[in-house]
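Below you'll find a set of structures to go through.
In what comes next, chain A is part of two complexes: it sits with chain B in the first one and with chain C in the second one.
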Partner chain A sequence: MRHRSLLIISTAAVAAGSLTLSACGSRGEDSGKSGGETTLTIGLDAPLTGDLSALGQGIKNSADLAVKQANKEKTVEGVKFKLEALDDAAQPSAGQQNANKFVADDKVVGAVGPLNSNVGQSMQKVFDKAKMVEVSPANTAPELTQGVDWRTGKKERPFETYFRICTTDAIQGPYAAQYMYNEKKLKKVYVIDDKKTYGKGLAGTFKSEFEDLGGEVVGTDHVDPKEKDFTAVVNKVAKAKPDFVYYGGEYPAGAPLADQAKKAGLEGPVVGGDALFSAEYVKLAKKNSEGDIASSVGAPLETLDSAKKFVKNYEAAGYKLPYEAYGGYAYDSTWAIIQAVKAVAEKNDGNLPEDMNETREQVVEAMQDVKFDGVSGKVGFDEYGDTTNKQLSLYEVKDGVHKPVKTGTFEED
Partner chain B sequence: MNDLPQQLASGLILGAMYGLIAIGYTMVYGIVQLINFAHGEIVMFGAFGGLTAWLLLPQGTALTLALPLMLVMAVGVSVLVGIGAERFAYRPLRNAPRLAPLITAIGLSIMLQQLIWSFYPDAKKARSFPQFSGESVQLLGANVQRGELFLLIAAPICMIALGFFVAKTRTGRAMQATSQDPDTAKLMGINTDRIIVTAFAIGAAFGGVAAIAYGLKYGQIDFKIGFILGLKAFTAAVLGGIGNIYGAMVGGVVLGLAESLATAYIEHIPGMELFGGGAWKNVWAFVLLILVLLVRPQGLLGERVADRA
Partner chain C sequence: MGGTGRRRGGAGDTPRRPRARGRPASPEPYRSPYPDPYQDPNQNPVPYQGPRQPPRQVPYPPLPQPRSQPPRLQPLRPPLPPARRQSSPPRHPEVLASGGEGPGIGELWYGLPTRARRTAVTAACLLLLGAGGYAVATQMPGSGARTQQEQEGGEEAGPAPGPGTPSATHRRMPYPAQSARITFDRLAVSDRARRTFTVQLHATATSPLTVLDVGQGYEGVDLSLAGRPPVTVNPGNARTLLLEAKVTNCDGVPLRARSPFLNVTLRNDRARQELSVIPGERYADALAHAFRTLCRPDSPAAALQP
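Entry: the complex of A and B
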């Protein structure tokens, strides 16, 4: 039966192939010092290909904008910044490879990224070993900064080199739960997640807060975000007749899920986190996105002056793709690294240490005290490396646009 | 169990789509013993072909009017890509060891994905696909979306047409002959090269129909849909007995039903609460595949053929 063994080989080959689809980045060789000016590289890791590439490309462009801005304004005297973007295709293995690459390159002073929490997990230890700073614009899983036991209140920062600009699921999920229960008066929920670090965390924190408030979870299920067919799951949802659905996951699967759930007979809205807060969500779920709610970190961008400037500059720079949900945070992440480098230069009388390892170490220290008014609001870090900006906003889709319905800070009751 | 009709309908619809795509695997395998792993991407190209037709039509065209044109375009694009793949990727390797065309297929599939990603406007994220408006239709106690009706009508028509073609026409019989013994078929004056191209073209055409069905059902397409679709359809083809066209359809439907029913009911079996739900549907689908292959290695409708090689 050669045919059968051929089938087995084929299947294995495909499986292996799908696991190793990681792209390689290229690296330009630049001389470190030229005419008294030092060139420092800021690494960037994001999914530049794959179905989250829209978000990833927005992150890359925004970081690029920050680097250009710093070079133009000569934010750090005598230092020219350069961005080197690598693609992780939303895969932890690729992210770790990229992290190793950055660490090995003695021009790289720090890294921005990644987008996905599970990719972040795989990169943290690499950066920590090299004492190189990593600032993520979008990782929201609590354990990245507060340790695996954060749920029990035993918070412990696992990596001194890891910082993030966005708030965590630990407050994003509960914030939405309070709003749905107290203000929308919806008491029955069906919770679905995509089994990824981000989605699972978000759905978990939402669920426990909602139950604490007295709400009823009428069912839970998981979906595979690689697929777009959720008929079996939405049939179950329709049968359970919840007041609304909470989805922990990202919009590429969230939008079709909402669309299919409503077609199957779901009456209430689909609620989710910042990864559903995208114009793409509305475009994909079309009229079935009406009334859906997404939480996001920070105050609405259009209310902040710094954000308006960012939007204007982004448009002026003529990037082909929009900045998307995390553009502002990517800008702030990059800017935080630039500010930290500036602080190190000032501490050493305008010069950076000769040894790159020394520079990296000092940048990590300086990062802890970085403070500035960023695109997303006031940027600063607490003792865990989390942002001190605990503001959250909720947005509801009305007439095809996400309209802010509530902004505030999460209070535990 | 009052949602059983709904779950059965969902499974049937999903399965019909898998089946249409599985035809592509089975036709090609039946003739050249090649697993064309780029077939999922051929389907994906068809979907983008259909979308292009829709975008080229003046805005506001009724979808019912546009559908035939979209179908022609989707099938056209799929067939072109399918024939191109055969001509430029597989034919040069016709006599190479079997693993070579297999690796080529994987390479080709990555290339096709990246072509759409790089060059189709706005295709770095999912693009929305036109959908029928209006309420769903009640059929035997199940809600069927209007977009899914297309699949329920198209799949049987395609299958009957294919059955007729293979059994009754000259080319169809030549195809059977080539599949049984290519060398002897050649001696009998059959142009086997042409037959192989025809097999690729028919498989791709069915893929084009499935692509339109996919777009109408889910309302969005992206450059990666081919991977999962291809994997599922390949599974369906093996389940039904690879090389047998009816097997492909039966395998598709069985797989679709298995996924749908496993999601809905496994968790209600006492002691199995942890193994139900959407997260486990693929596991159960493959458990079923393994069980079937243990009892019937040739698949549900496959014939035990003497190995030639």
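Entry: the complex of A and C
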């Protein structure tokens, strides 16, 4: 045939073109979306107002940075992420309301937060019922992932949808106890807590280990964190003459407690957990914060190369408030959800399931296998939903700044 | 694509302008001020000057010099009708015209030798099918296309917390505490009379480092790295760290501590760091058991004390 050779080329071109178009267009064919980008929302719950707002705003800004980065890099092809931040004011009831809002929104694929362990407890059931993933950057109460009997060794994961990026008080409290007893050689302690899930639990793990080491608990007490006058308690502390005070609670009460205890005659430091690790603590306790010690999750950011980029990008983004103690963890929590969504899309030939319920379930499944090098180090989750990166550090206030004095890693084989 | 029409005519005939498929005919034929190369077979063909330019209102540039060598492709059929308009310098007659006013694709195609046409067909088919197959392959999951995660280097590598391109910082050696992984293997009481025991640790590293020393921190226990430290740990080459310990004062040892840790001093080219390694419950139980064994009132060591 006269036009045979041209016909052959034409046929080959049409075949190749069809293959190319089918490859490029496959994402849109079966997803049921209207074509173009799909927008997914990541919910964020944190105390954006109130005493802990400094921490909450740092969490929000860092999550926002992660979302912007994912959109800029098109981390999940065809998906644009949006962050919706809701304030819980550190109240469990508000947190639960926010959780209900998130699950009712069919654009929300997962949630980051909260900060407070007691708020986390109020939200877990809501997310679990909706089979929606929740990744906390800051909850440290062991029972959230290991069940109420974790102390006896009977660990049981209560919710498959709950994960966290930070390590737990099961490690934090004893680590501080070992450090104060063995290395600081301080043998007598007065233990105080704020009766909340986090504070009470942390003080309990510290006290237990300190006594097992041979230390002496010269007194225990509770405070109401809403109060700022602790005269009665600090007078008791002064009378007991401990070497130091261990406070299980947050900085809005911990800082004035430290200030008043020193003024009442306490000669040693006030020691506590990650909720004291904030510039706000130093600001509130002023000069009486000098020498105080706080443990916190993770290694110091200045020793993590990945964190330096985060710090640089956070500053470049122009957020008014600093990222604080949990900013890096909030970034990693958000990135973990993004990576889980990506895994779901890859599993489904580049598509996300049309039904958001199905997408949420698959994101929960995918989260268990998420692994990446994050701001806080290597991110991954064990069978309980706890982070596999169990690093923590101790910081001492020196010249008005928290300086790292020790870093540890939990390496159970 | 097929040819758009068949050339006709000879000298004296009004040249019939071939029309490209799908394009409307120009209402007014254009007459080039240049000598028509197709009317004068003795004139050397003008070399191809590139795709046809839109009409210009300025004087035309001079003709380019003819090529010293004849063009590769020679017309086998009667010359093509004169090109339309020619606001730009005339080009080679074998050039594919992009518009409808030059020779059609079919006419140009069949101007080629048969062997050349067959070779071109085969090459074009292979190229097109290969391109289509590549496009399909790279769109499918698990195709091996490097995800951002993989591009950061390795199975566990992830997105940089910032712009996606890894910076020089990522390629620097990490701090030794971020590179080392030290776990507990076993503990054995070596001499009950002397109250000594040994601890065996397993050390790996993702980048070269040395273990300078290991300590426990308990007042009543002397513990140190046995053998001849430092111990070098290289990637892919796990090392056993043997610790020798001696209970010096049973009053100073905890019998129920749940989270004892070891102070490991590490060093690499970047820094020297002390890392607390918390080996977990199994180590805590083994250590507590050793203390109870060595510090029992009826132990041989206790019998030797005044």
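The rule is simple: the second predicted complex is superposed on the first by the 374 of 413 C-alpha atoms of A that agree within 3 Å, B and C clash if a C-alpha of one lies under 4 Å from a C-alpha of the other, contacts with A are read in each partner's own complex, and residues count from 1 in each chain.
Note that a contact is a pair of C-beta atoms (placed from the backbone, for glycine too) under 8 Å apart; a residue touches a chain by one contact, two chains touch by 3 or more.
None of the values given here were measured: they were computed from a predicted structure.
In the superposition on chain A, contact is made by A:350 with chain C only, not with chain B. When both complexes are overlaid on chain A, the residue A:39 reaches neither chain B nor chain C.
Contacts of A:304 after superposition on the shared chain: chain C is touched, whereas chain B is not.
In the superposed model, A:406 lies in contact with chain C only, and not with chain B.
By the touch criterion defined above, A:368 lies against neither chain B nor chain C after alignment on the C-alpha atoms of chain A.
Touch criterion met: A:214 reaches chain C, while chain B stays clear of it. Chain A is touched at more residues by one of its partners, and among chain B and chain C that partner is C. Of the two partner chains, chain C is the only one touched by A:183; chain B is not. The intersection of chain A residues touching chain B with those touching chain C, taken from the two complexes, comprises 3, 6, 9-10, 13, 17-18.
Interface residues of chain B facing chain A in the complex, by the touch rule stated above, are 3, 6-7, 10-11, 13-14, 33, 35, 37, 98-99, 102-103, 106, 110, 114, 117, 124-126, 128, 131, 136, 143, 145, 218-220, 222, 224-225, 227-228, 231, 238, 242, 259-260, 262-264, 277-279, 281-282, 297, 307, 309.
Taken together, the chain A residues at the contact with chain C in this complex read 3, 5-6, 8-10, 12-13, 15-20, 22-24, 26, 66, 69, 73, 75, 153, 171, 174-175, 177-178, 182-183, 208-209, 212-214, 299, 303-310, 312-313, 328, 331-332, 335, 339, 342, 346-347, 349-350, 371-375, 377-380, 390, 406-413. Across the interface of their complex, chain B is touched by residues 1-4, 6-7, 9-10, 13-14, 17-18, 21, 49-51, 53-54, 57, 192, 195, 220-224, 226-233, 235-236, 239, 252, 255-256, 259-260, 263-265, 280, 283-284, 286, 321 of chain A. Of all residues in chain C, only 1-3, 106, 109, 117-118, 120-121, 124-125, 128-129, 131-133, 135-136, 138-142, 147-149, 152, 155-164, 167, 169-170, 172, 174-175, 177-178, 181-184, 202, 217-219, 252, 254-261, 273-282 touch chain A in the complex they form.
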